[in-house]
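Chains: A, B, C and D, in written order; residue numbering restarts at 1 for each.
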Amino acid sequence: MANQNIEQNTDHSEVELQAMNVKKPSPWKDFYKRLKRNKAALIGFYTIVFLSIVSIVGPFLLSMDPSDVDVINKFSRPSAEHWFGTDHMGRDIFTRIVYGMKYTLGVGFGSVFLGAIMGVPLGIVAGYYGGRIDSFIMRLIDILLAFPGILLALAIVSILGGSLVNVTIAVAIYAIPGFARIVRGSTLAAKKLEYVDAIRALGSSDLRIIFKHILPNVSSPVIVNATLYIASAILTAAGLSFLGMGAQPPMPEWGAMLNDGRDYIFDAGYIAFFPGMAIVIVVLAFNIFGDGLRDALDPKLKN
Amino acid sequence: MSQKELLKVKNLKQYFPIKGGIFGRTVNNVKAVDDISFTVHEGETVSVVGESGCGKSTTGRAILRLDNPTDGTVEFDGVNLLDLNKKEMRKMRKDMQIIFQDPYASLNPRQTVRETLREAMAIQNVVPKEKRADRIAELLETVGLQPYHADRYPHEFSGGQRQRIGIARALSVDPKLIVCDEAVSALDVSIQAQVLNLLKKFQKEMNLTYLFISHDLGVVRHISDRVIVMYLGKIVEVGDKKSIFENPQHPYTKALLSAIPVPDPDHNKDRIFLQGDVPSPIDPPTGCRFHTRCPFATERCKEETPELRSAGYMAEGHQGACHYMELIESGEHQPTRETSNVRMLDEEPEKV
Amino acid sequence: MTTYIIRRLFQLIPVLFGVTLLVFLLMHLTPGNPAQLIAGETASQSTIERIEVSMGLNDPLPVQYVNFVTDVAQLDFGYSYRNNTPVFEEIKPRFWITMELAIYSTILSIFIGLIAGIVSAVRQYSVRDVTIMIIALFGMSMPNFWLGLMLMNWFSIQLGWFPPTGWGSASQIVLPVITLGTAGAAVIARMTRSSMLDVISQDYIRTARAKGVHEQIVIYRHALKNALIPVVTVVGLQFGTLLAGTVLTETVFSINGLGRLVIDSIMARDFPVVQACILIISVIFVVVNLIVDISYTLLNKRIDMD
Amino acid sequence: MSTNESILEVTDLRTSFFTEGGEVKAVDGVTFDVPAGKTLGIVGESGSGKSITAMSILQLISHPGKIKGGEIKFRGKNLLDLSEKEMRKIRGNQISMIFQEPMTSLNPTYTVGQQIRESYKIHQGLGKKEGSKRAIEMLKLVGIPSPEKRLDQYPFELSGGMRQRVMIAMALACKPDLLIADEPTTALDVTIQAQILELIKELQDELGMSVVMITHDLGVVAETCDYVAVMYCGKVVEYADVRTLFKNPRHPYTVGLLKSLPRSDRDQEELTPIKGTVPSPDEMPVGCRFAPRCPFATNLCHEKLPSLDDVGDGEQIRCWIYTDEWNGDPGVKVYEPERTTEG
């Protein structure tokens, strides 16, 4: 009788599983929950959102113009009227920083977007098809990587000539190797996943495998990388402008403003202080947001 | 066997190149599967057993062309799969499916169960679009889940349930052959039994053929009709489940069977301890690949590669690849090495 | 191991080929005729043509490239447009200044980065850890030219501790090295920390604890050695970044190094000099990375040595 | 309970992990004895808490885990009362541990010799020369060929089986009284597993130590253990000597496990699985943890947790069926013999 009992109860359709009753969060909710846990990352995220809004709305709220020259009030120290003081031409630094926000964010987002558009497909093709195509692409990437740091961007700008658009392109090219390498790595890892084999065994085409099953796996490292790359893109772009190879005066670009301030560092340090501080805040926001994203998206750190 | 031959593997070789040297050329090969032949009949379960590195999983993947084999033929339903181009092969895949070991890695975490199953049907276009929803509900019930599970994500299921979803995906295209690659190895005993029973049930109901790849001899004994024993890329013994388990002929099979711990404290047996580890498949031993560890090895084993063959006293279809099968059976050929000592100090340090 | 090193050296060939090609194209993609640049804007057509012939500008591009590489291999980088002196002579005195700056900064960043990273990892989430990591984040987020300006403003101008410009004396070295080394220190600190935390959760650390090893020894002997292996790679990359970063630092502190030479030459459209500087910095970077890769392989015994 | 003297008595051990989702009681009131010189098997499926129990004995639980209470008496003294310093003297000296993954459990940057010598240095203050001598003896003892050569090799130069032998040599270096083996052969092939299990058995006889063998494999239990504690969801549900457990299992979970097991030594027509799955920590049943999957469960089982009670012959069961309060089918006790595996 007892035996009978056991057998009856093991009917398969009866595997009415208790685990089902508790709703577990979906991957996105889970991600948001993990992001929310990271206070710093949230601050970074909100800062980016706030700065983006300021870059669009800010200019409409200000009474002054970034190129209003006021020779009488030049070199005035920070005050109630000029929060961050005025520069050597009497232009209001605060106004210029607010107007400059969109250039900084624009170069950051723009170059990383361009870099990703070029780097991600290269990485996927290299990782998915392997063999000669892979070797060829990776050799190209190696060549790009042989120019360290700001040097490649500098070389490109020296060909294209100094302008904000050219800086964006230069920094984008400089970002390609990073994306290609990361994507290649995750593609290689994703290719080995059993569910990718399962879908191949079902007779799926390469395109479907790449777009539906590999790309989503690649997306989170790409997003994390992109966020952190925006930070370094902004630094590089500012550096180029500081060297006079990027945005040209009188554009209120922060790197260019620092270049202006450099000449007066002995007498009016604040001219250089505020644009630099602005860069630090923006870059910091992207860095901590990127860190938080990585923690939230990295399954290794789960639990 | 009166049933027709569904799968016929002939001289299958799967080598993986090792790049090295100064120019990164292929300097050597991992001979994962080295010239094996066997047949699987419709409706039967053939198990491939062996220890890690013996080539059993590689065999399964090569048959499905998940990796492209180096050489040989794989005839499925009379068609040599290795002659097919990419497109023809994709069509062919409808008839042959695979279930994997890791229930966590074998489902796309971003797809709900419904999306997973619907995609499978869409790829092979097996069920008319409007009927797919019903088919999904039906499949889920078949594998012991409920229709309302369709809209859940894999992480909402336990390991055993995921394995059921994997089975449902394989069944969704109505295949003839399913390769089960360690399909129950990652599951706990109590769950493993559920899945094994399920697989047996489907075989009866749908006349499925299984190529069951496993290292667990208990599971193999339970599920198989016939068993193939592999060692270092070669088949060392093949035969009926009964003959293999009760009358093993190859010294490796004997050692393997004797090594399994039996859940019965009174079970007493003479254990054969093999010396050392499995050699590297890059430079496999000459002659019989097992000779470096075989208790019965002689000079002949080092030089001559034994072929699979039968002997008069063996059951029909039972074959072993050993020069001395008969003589060992009759007791005329005695062990040339110690088999009861686990401290093998005389062994030469292996090359790594 | 020897095979590995030789293979890596062979892999260097396509990279060096690509680098020289890119640098070569730099001059040829740039709008404007080099001969015109040399001759000046008012030069006659015949002068320009004469210069073109003497520079081989009328040869087919592949021929020009081969000539370029052959010359470069003999350290002949041509003549500066500006001064008409051999480029190599322009570079030589400045080269060591830049190398000194980069090497000192790398040493500083390794020293500070390692200590900060280890101290952080040992007590994860302690006040000490959080403080160090916040400082590191700031260090990573600062434009180094701005940091340089600020340091100059505070320590040179307001406090008068260090001279604001130049290179050579011990006091002149301090500010540029801090300026250039800060970001590297931050990156190395973060890397060391995460690598340490990664290692501490490994099975063999548990084994050491199960043996009764003192926690201090678990961390400094069992964990640290393993944790430093991936840090080596970062150090190599940092050296390259610092080398390129000299462009900005040298500009800020008016140091007459290679970096500043690049900028001045770009401004003056003196391309032979630009070419040579970029080529030299890249080749040094590639070689340093090769050395780092090889030492990484030596350290990481798990990597196949074939 | 047993007539033998116990070397280790664990009473009401509780270890929890404090995660975002709340407290996970991985080990929830575990009690068992290890008789001196014998082998105790702790068997259970994944999530049963068997490995956490092992780690708790040596207090190797790290953040966010915490030993919340109970007693771990080793040779009469409670290990939980010891300071970290005193505990270190016990680890690797009187109680040693070997782990599941021989591939990752050795430090990749130190040689085999350095790692074995370290034990001698910590616990016996031996220098390099004497340590090496002892290390070679140990390597010989565990059957490693050319031990002098192996001493200077790195773990990556050894095969999985050899590494596990090195782990054993390291663990037994100071001749401990108790060896805790946490799934020591799970990652190994079956022919290598046979070698390692036999080796542990032989060394146990030679050194006269006690062993706690943690495993999910009932075959390994039957072959190596004298006593068995069956764990389910952080609790011991049955404790018996090995023959009683396999010949006359009493807890419905133990019975279910044995009936689920495909056997290599004989043919079975049908396997009888346990229905359902192990409950997740956030929905642990309030009553008997096994009640939702138990074919005999009554309301009592669902509502109240049974205690681990002696049922005679040194056997302990955590099940209402074997108490006076049992209000379900009285037949289950009567039909007892039919539920054995030898039916």
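Just so it is clear, a residue touches a chain if its C-beta (ideal position, glycine included) is under 8 Å from a C-beta of that chain, and two chains touch if they have at least 3 such contacts.
Only a predicted model underlies this, so the values are computations on that prediction, with no experimental measurement involved.
Asker: With respect to inter-chain C-beta contacts, which pair, B-D or A-B, contains the greater number?
Answerer: B-D
Asker: Among the chains here, which has the CA centroid at the largest distance from subunit D's centroid?
Answerer: Max centre-to-centre separation from subunit D belongs to C.
Asker: For subunit A and subunit B, let me know how many angstrom lie between their CA-based centres, rounded off.
Answerer: 47
Asker: Report the inter-chain centroid distance for subunit B and subunit D in whole angstrom, where each centroid is the mean of the CA atoms.
Answerer: Subunit B and subunit D have C-alpha centres separated by 31 Å.
Asker: Between subunit B and subunit C, what distance separates the C-alpha centroids? Give it in angstrom.
Answerer: From the centre of subunit B to the centre of subunit C is 53 Å.
Asker: Hunt down the residues of subunit A that sit against at least two other chains at once, touch-wise.
Answerer: As it turns out, subunit A has residues touching two or more other chains at 10, 14-17, 19.
Asker: By residue number and range, which residues of subunit B touch two or more other chains?
Answerer: 158, 160-161, 194, 197
Asker: Pull out every residue in subunit D that's touching 2 or more other chains.
Answerer: 156, 256, 259, 272-275, 277
Asker: Tell me, which parts of subunit D touch subunit B in their complex?
Answerer: 45-46, 140-146, 149-150, 156-162, 189-195, 197-199, 202, 216-224, 242-243, 246-247, 256-265, 267-268, 270-275, 277-278, 341
Asker: Hey, which residues of subunit C end up touching subunit D in the complex?
Answerer: For subunit C paired with subunit D, touching residues are 202-204, 206-215, 222, 225-226, 229, 299, 301-302.
Asker: Which residues of subunit D touch subunit C in the complex?
Answerer: 58, 60, 84, 88-93, 96-97, 99, 101, 104-110, 118-119, 122-123, 154, 156, 167, 170-171
Asker: What residues on subunit B touch subunit A, complex-wise?
Answerer: Its residues touching subunit A are 61, 64, 66, 89-94, 96-98, 100-102, 105-110, 119-120, 123-124, 141, 143-146, 149, 153, 155-158, 160-161, 166, 169, 173, 194, 197-198, 201.
Asker: For the complex, give me every residue of subunit C touching subunit A.
Answerer: 14-15, 18-19, 22-23, 26, 29-31, 137-138, 140-143, 145-147, 149-150, 152-153, 157, 164, 237, 240-245, 247-248, 251-252, 262-263, 266-267, 274, 278, 281-282, 285-286
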